[in-house]
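Pasting the structures here.
Across the two complexes that follow, subunit A remains constant while its partner is subunit B and subsequently subunit C.
After this line comes the complex of A and B, so read on.
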């Protein structure tokens, strides 16, 4: 059944039903504002709480206590008057706060007084030789299959990369009886020293004990190779083996499945296409929106909450969602804000949730050789552009990602740069001796997710057209 | 520091780049000043149509001149610009439209222009097999085609620089003034001085002209385009409709560009446009009706470039009517891309020789002079 939005205009439209979006929508609806939550998935939860209402995995320790925290957020939302539409893909947002959304193959347009963008994170590209071979996938894709369908790998499986999610996924696979032959840890040894000054905050953060016990659990069952400095996948049309260098020694392991992960980065496409200013984050090595303490962006009326505002994790996302929603309520209906948790308490929650983040960001900062490829390694999967192609274009005058489009069509395929954007920026920055901030990013354009021509053709005529017809 | 050059070209679109290139070929040393980067606006993001078809009569000589250059574009800029020549076809959807086409072709023939050719339903179907059966014919301009606009503008810029042009990108031309017989223009901390100034600043050119005492009726517009995912090859020429706002082009990689002149809302100061999806939906409906093969294609991206449109829809081209050494080259009104190569060549002739064999007199800024209005 397809449900179109009930109104044409709302006080607040929230985009994305992950932790930030769930919290934001529940907060604004609780304050009595007309609230619409649009979400692309079949149910609430986003990535971190994916399938929270429908997962076949009912034994709570398999996915961990943090996962089930999502259920409370969903309950709070369901208790509110927020209108919630799933399988709703927002494909356009502009500075007039006009939103185009595709629901069940039909597009609708709504407007809002305030928009809270909670579109979360994407996995960082991991462009090693052979990363486009069938049999190589991202850890996030594997986790999606695990959460929604309880599917775990049973062939010869390697996990390579670094970051908290990598260990979480490994633990979840093992608890469900899946197979992992080896973990290739690419954390740079120098990062441990760099992160040390931030260790105290981390020790007192909720991540510490949970993270440590998870790593211990995984290491008890799986061989872990640390200090991996080179990585490549090979095979003839299908992954056959993975080669790596650790401690100066090269090894090759036969493999059926390689799961890659080196952290997540803000999913900036919708916000950037709306004209929101972003800046390069030198620590997290990604683009983050320029926001004030309430999450308000450079475009009046658009706030950003959750990992799309800069990676902070689920608890921080919840706090940011509530802050953004409360700020919106204060602006639209100041009297109604009184019934909400005070801003000071929300900010304290956020500070607590963000404790230890710098430690994690520093420790798991991915190495240059895994971010900036060379030679024949594919950079842009949609148009099959290699690192060498990009450098050749720089040599004859391409100065940034948008100019590169003219030479190589990078970023012009259906993914709109999600799989190559960061790589292209960093590769061009290195080649030209500039900072990523100076090099810039693709100018992103709606539709942020493709829609069919038939769907666009079916869009109702504008009021002016209707009037023109009526006037005859 | 003031640097003396032979000419200052303001604007790094296809026109500014082409004029700078042709000035270099004539032995001059120009500076090209572009506030963003070459091809950032309309020149880099237009539909890429290389079209003599359906042009206003006053600009046809310039278009014909340009076409000759397009056909040897690699020799000029060492880049094929992805130029391909499968013709452009104007489709009449009914007999009334075909009658208009017939009259137009007769008018052009009487003036001595032969590039437009009336075609019947059979020839239309041969050229555009996918078109709806009900269309009775149209007009074809067989030498027309399309090119990659960003690649082209970039190639002109690169070649101009190779031939000695100074290219300044990323800072706007400021404080344009005439003193001591020379034009002076500031770029950041630098000043350039030259006897010649070319105003090729696109959507920003009207302000420059007005500041120099030559206001013209010009507005800033942002025509929208959208591109689809790859679909099986089904069409070679560029197709435009006689009666509705639609242009249509399939590239060699299978993607299809849909345009036609529906407008976005430009914000010139922010270099930004806000798209009007309800108008784009009209284009989608037209394509849906005419080309059933396109119905399941995905719309991958839509955008709009910022440019200048004149009240009378034809460009301002030629010497100033007030100042010695000032030349205007702007206001191409949604159809300037094809004219770029030829306009640069003719502009260089006007500057270097004081005249040209190509008839461009009807395009002068003096047509807006208070005494002629």
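After this line comes the complex of A and C, so read on.
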């Protein structure tokens, strides 16, 4: 499916084929609007439904019913006449709703009446000493390999961190006969009390019973150390051991694989590069776009749906995808919207899916010591910049993440700040006695994923383009 | 570090890693195939030469950078394996012309 888009202009272009993007594209195509869905991965599903059409794991209870729900979304999309292109990396989106996309090493350009950005989430950086060592990965990485290639941890494996995904991954690994030696739970004890006032909504949400039974399933088979307050990985060119402190006592465990997870945060790069206004979310500790009830952003014509709109989980993402698509249909072809589920029903779905979210966000709010590193701990993995480097730069005048680039190149490597941006903002905010909102974030620009100069040079040029840069 | 579940019945695909034949499975990404193979797939960074393996497996961290069929700096976690694919573990920065 690595072919260029069939047209130059579409009514609606959806970026990302996770739960929100699948739902949005199916909705808009069902209403009869010309719809293009662009996705970077090999197949549909995003992260949560990764490899939904191709996973070698066919025993449905192993991945769980929530995973297989993704198959219905893919089915609905396939039944629609939306055009879908995978392995398509969108590297530019601007205020004119012009999209540049790299497919098979060549770039194509399309325009849209409406764009729905459904670029989802990524795992929050977990900058502990040694987190760049081979053998240290994210829990999501292990889950990706489990779903798409039926790979399970084999050597001495530790999982460290907190949050629902961590327990889901542990359960899936165990069901497949994989190895987990120990789970190091970093949930702050005080969070249990802070979350208590929000417990009622959570107790009546579907997450409660599912979450509880999954934790029981895991705890029956694996040692769990709770109240972990310090964590570090060490080894010479390869992970050899993990040290932690729990209850004031330090332990060191030999280890081959350490899987880290402390929640997910919106993947903001494409939306920010298009100029979409974002605000610091003090509860979720990340940047979230400023959106109205339809998901419309500060840039006319661009809506954001799914976890990129603020973390809400897969069911909320589906509802937000349908809401954003329905709103776009109402704007472009009001008569066609009559075919779709009424907005009130979609909003009710969203409210139901969001039940209990504040409880989860409060309970699993990561501790400062796991978000704001110190000393020699690497902050920027690409440019290998440490916390001390950042603080030294602040001491001699760096005021925010953009100035810091000139001092240290943080965020200027290939990942473009995805793995260091939140850390840099919070570290600089703490050092300067400011809020993250005051410190701000990297100014992101296209191309939001690296493309080669050869690919750029091969882009068709108009006479006006040439005149703009050639003299005489 | 990882092993394949016996449930996995996908057909084999042969790839070459620094010239040596490695068995992958249809549908594996290059990074997953490398991690499953047991070969030393550690690249070294452009900045300090530190050794790295893939971290995120979802296209955001760029620690899976690898040379595929002669083209450097490819994200191995986003590229599916193909029969006869030639992989080179990238040491340091991308070479000019690759």
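Methods note: the second predicted complex is superposed on the first by the 460 of 472 C-alpha atoms of A that agree within 3 Å, B and C clash if a C-alpha of one lies under 4 Å from a C-alpha of the other, contacts with A are read in each partner's own complex, and residues count from 1 in each chain.
Here is the rule we use: a contact is a pair of C-beta atoms (placed from the backbone, for glycine too) under 8 Å apart; a residue touches a chain by one contact, two chains touch by 3 or more.
Computed from a predicted structure; not experimentally measured.
J.: Is the number of subunit A residues in contact higher for subunit B or for subunit C?
T.: C
J.: Of the two partner chains, subunit B (first) and subunit C (second), which one does A:413 touch, if any: first, second, both, or neither?
T.: Touch status of A:413: both partners.
J.: Given the touch rule stated above, what does A:229 touch, subunit B (first), subunit C (second), both, or neither?
T.: neither
J.: Scan A:450 for contacts with subunit B and subunit C and give back first, second, both or neither.
T.: both
J.: Just subunit B (first), just subunit C (second), both, or neither: which does A:237 touch?
T.: A:237: touches subunit C, not subunit B.
J.: According to the stated criteria, A:132 is in contact with first (subunit B), second (subunit C), both, or neither; which is it?
T.: In the superposition, A:132 touches subunit C alone.
J.: Figure out whether A:430 sits in contact with subunit B (first) or subunit C (second), or with both, or with neither.
T.: The answer is neither, since A:430 touches no partner chain.
J.: May I ask you to decide whether A:176 touches subunit B, subunit C, both, or neither, giving the answer as first, second, both or neither?
T.: In the superposed model, A:176 contacts subunit C only, not subunit B.
J.: Identify the partner contact of A:275: answer first if only subunit B is touched, second if only subunit C is, both if each is, neither if none is.
T.: In the superposition, A:275 contacts subunit B only.
J.: From the superposed pair, tell me which subunit A residues show up as contacts to subunit B and also as contacts to subunit C.
T.: 413-414, 450
J.: Of all residues in subunit A, which touch subunit B in the complex?
T.: For this pair, the touching residues of subunit A are 92, 94-96, 100, 109, 275, 396-400, 402-403, 405-407, 409, 412-414, 416, 445-447, 450-454, 456-462, 465.
J.: Could you list, by residue number, the parts of subunit A that touch subunit C in their complex?
T.: Going by the criterion above, the answer is residues 40-42, 47, 51, 54, 56-59, 87, 122-123, 132-138, 140-142, 144-145, 148-155, 176-178, 237-238, 256-257, 267, 381-384, 413-415, 418-419, 450.
J.: Using the touch rule from the top, collect the residues of subunit B that touch subunit A in their complex.
T.: Touching subunit A from subunit B are residues 37, 39-40, 44, 148, 150-151, 153-154, 157-158, 169, 227-229, 253, 270, 272, 274-275, 277-282, 284-285, 287-288, 294-303.
J.: Could you list, by residue number, the parts of subunit C that touch subunit A in their complex?
T.: 1-5, 7-10, 25, 27-29, 32-33, 35-36, 42, 45, 47-48, 50-63, 65, 73, 77-78, 80
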